[in-house]
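Multiple structures are listed underneath, in structure tokens.
One chain, chain A, appears in both complexes that follow, with chain B as partner in the first and chain C in the second.
This part shows the complex of A and B:
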């Protein structure tokens, strides 16, 4: 209990002091997470919506179970896969992204993408199947029907965003392997927590953990307010 | 009187079941045609064919002199709309639900027009209300406003007042009648309730097992039906 209290106090102190090293870690955490999330959303929402709308596309019976499997991918396996992809001998080695934030973004995008696709697909499928018929009866084109259905599933799509964000901001295995936890370059909150715990700096590790939780809470609070405005629960 | 639809040898099959089998049917410009009949008679499927939501398996549907066997041009599709028994509204406000019809058809978002329709249908106080807060009758009136705000040439109504109270039934029937008369719109109303057809329709048809058993002027249909099935249906016998 004493360690917890000390950790909380230290977190507040660190934040109030605007410790540059801490701010850098927080900044990089947000940068990597938000860029990976943005890429996953740009790719994943249209794919998920297409899969949700078009129930008869070829290969769907294989694709959907693959996506469901991807939703539960162990981050450390994704890290290993991305490491091999980006290593000198790997197919993307020429990019020299290993042990850089770009490599971490690749790994986190791979983790987030199946979540966004799968949950968007489920959200679109949950929309009343009579809605497209009504839209067509109003004279809507296929594109208008798809867009209206996607907007109608916005609460579920927001849940997809929340799930993807939560999974990558708290992820440690992949960013540790691909980023290497290099101080001032690829150290993010989760890898810093692991490091400080190993060094026995439990109070600092807790402080970093509290900051991580606060970041997750603030973002999820914003998403929840958005859901409420959309008529959600 | 010119015809809006002319159906010739239309059959529509689901699996091995022929749900619509109409040798000939003309729907006249500016009329309200009531279609009555038991459940499973093919009434709703007929409306789907008239709204170009499905293409008949066999036969032709001529719309205003042109037959469309494949893709129906968007401009033609947009002359027709349907109000279904379940209003199928979006999880947005009342006004947003009406505005979507204008947006779909690329029309200007005329708030004044929306307000006018909300007022006509007794929904003026509910402009910004979320759809989930509406009663069944209010929701169906929103669906009707959404259909009428784009001023369709053809309005198809599929059990529009099923399960509604007399107040809402009266309001909806009045609005359908007045807009049909005002704009010369062609209206087809499918209903379980023969009395609704009697109140609303210029002509009434009875459908049983996909076939139009009898069609005629509403007064004649109810007072002097020609077919034994029609007499039985109007007596309240079980016909199917």
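This part shows the complex of A and C:
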């Protein structure tokens, strides 16, 4: 109980002090997660929309369960896979991305992508199936049909964005393995929490956890405002 | 109906898992220790004898020395087995533990990339090696996690008078375990300080690394600063809920000549040399 109270106190104190080391960790956390999210959205939303609209493509009965499985990928397995990919002996070793933010972005994109694809697909499928039929009758192109359907399913797509972001900002397995938790280079909030816990600095670890939650809340608040502006509930 | 059956099963499972400790008569001893004693396989090798002799189940929590000491301070462990002499003495002095006893030792070594860019392989003292590494600004991987190994590394840097800066580029503070730090050094052609046991048990997977300072075995290690003693401390009974008898039995058992012999024999078959050397008072005066 005492540690809990101390944790809250330290969180407030850390935030008020604007310590450069903490700001660096928060900055890198935002940088890595937001870039990974952006890549996952650019790739995942078109794929998800296409899968949601084209209901009779071959191999769908295997592809969809595969994507659903990907939505629950354990971050540590993704981290291990990315580690081996980027390692000196791995196929992409020459990039020298292991233990760099670039490598962490690769791993987090792999975690976020199936979530974006799967949830976008589900959202698009939930739109009235008559809409594409009517649009086609009115002479709309495929591109126009896809865009209109996406706008109609925007609440579901926002949920995809929020779910994907929540999964990568909170994961520690992949960024720890691929980034290496190097101070001043690849240390993010989750890996810092693991480190401080291991050191026995429970109050500081808890304070970092509170900051992580606050960061997630602020980001989600922004997403929600955007959704409101688009006319969602 | 089906839901009700499931509920019944879930409640049953929860109930049995909660009552597990009360139902059995077995005593439980909570041992907080460092990853090196557990990851090396030493505890798996010697603890069954204790569990059988004293009809006690030992719950091992293998964490960094910092967290192990914190667990003892919070009364969440009955006995601790760690390696960071200064902090062990402070733990006793502050009244968290009753008395520290010598158990065993192994040694630290400096490992590095086989091409040795800082040219330290011909040196015999770790502090000289550290000075050359800093002078050459060769990549150095630090545990950075407040572990016993990290404490030793910081003590060595303090002796050289150099304060390495994690933002300087060549000094990487990882905040990870020994295994991860060795993997990093292997991938990034970095030097690092490691306990010999962990390096020996993983050296097959670390083709880019070689021993720079400390020699092939502990007999060849001429730097007394690299000795790594382990101590055992029972947690102060005043914390409440401490298995006092179990902790006392454990200390007497691990320092006894028989157990010490088992510690010295561990690893000889697999690595051609012991990973830990017995060093209890009873062993020294046998």
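Note that in this section the second predicted complex is superposed on the first by the 225 of 233 C-alpha atoms of A that agree within 3 Å, B and C clash if a C-alpha of one lies under 4 Å from a C-alpha of the other, contacts with A are read in each partner's own complex, and residues count from 1 in each chain.
As a convention for this text, a residue touches a chain if its C-beta (ideal position, glycine included) is under 8 Å from a C-beta of that chain, and two chains touch if they have at least 3 such contacts.
What you see is a predicted model; the values in this text were computed from it and never measured.
S.K.: Go through the superposed model and pick first if A:138 touches only chain B, second if only chain C, both, or neither.
M.R.: first
S.K.: State whether A:72 touches chain B only (first), chain C only (second), both chains, or neither.
M.R.: A:72: touches no partner chain.
S.K.: Tell me the contact category for A:58 with respect to chain B and chain C: first, second, both or neither.
M.R.: neither
S.K.: Just checking: does A:130 make contact with chain B only, chain C only, both, or neither of them? Give me first, second, both or neither.
M.R.: It touches chain B, and chain C stays clear.
S.K.: Touching A:182, do we find chain B (first), chain C (second), both, or neither?
M.R.: second
S.K.: Quick check on my understanding: which residues of chain A belong to both its chain B contact set and its chain C contact set?
M.R.: After superposing on chain A, no chain A residue contacts both chain B and chain C.
S.K.: Report the residues of chain C in contact with chain A in the complex, numbered from low to high.
M.R.: 63-64, 66-71, 144-146, 166-167, 172-176, 180, 184, 187-188, 208
S.K.: Given the complex with chain A, which residues does chain B contribute to the contact?
M.R.: That would be residues 51, 53, 74, 77-78, 80-82, 84, 86, 88, 90-92, 100-101, 104-105, 130, 132, 146-147, 150, 156 of chain B.
S.K.: Which positions of chain A touch chain C when the two form their complex?
M.R.: Contact set of chain A toward chain C: 87-88, 98-99, 176, 180-185, 187, 191-192, 194-195, 197-202.
S.K.: Over in the complex, which chain A residues touch chain B? Could you list them?
M.R.: Its residues touching chain B are 128, 130-131, 133-141, 144, 148, 151-152, 230-231.
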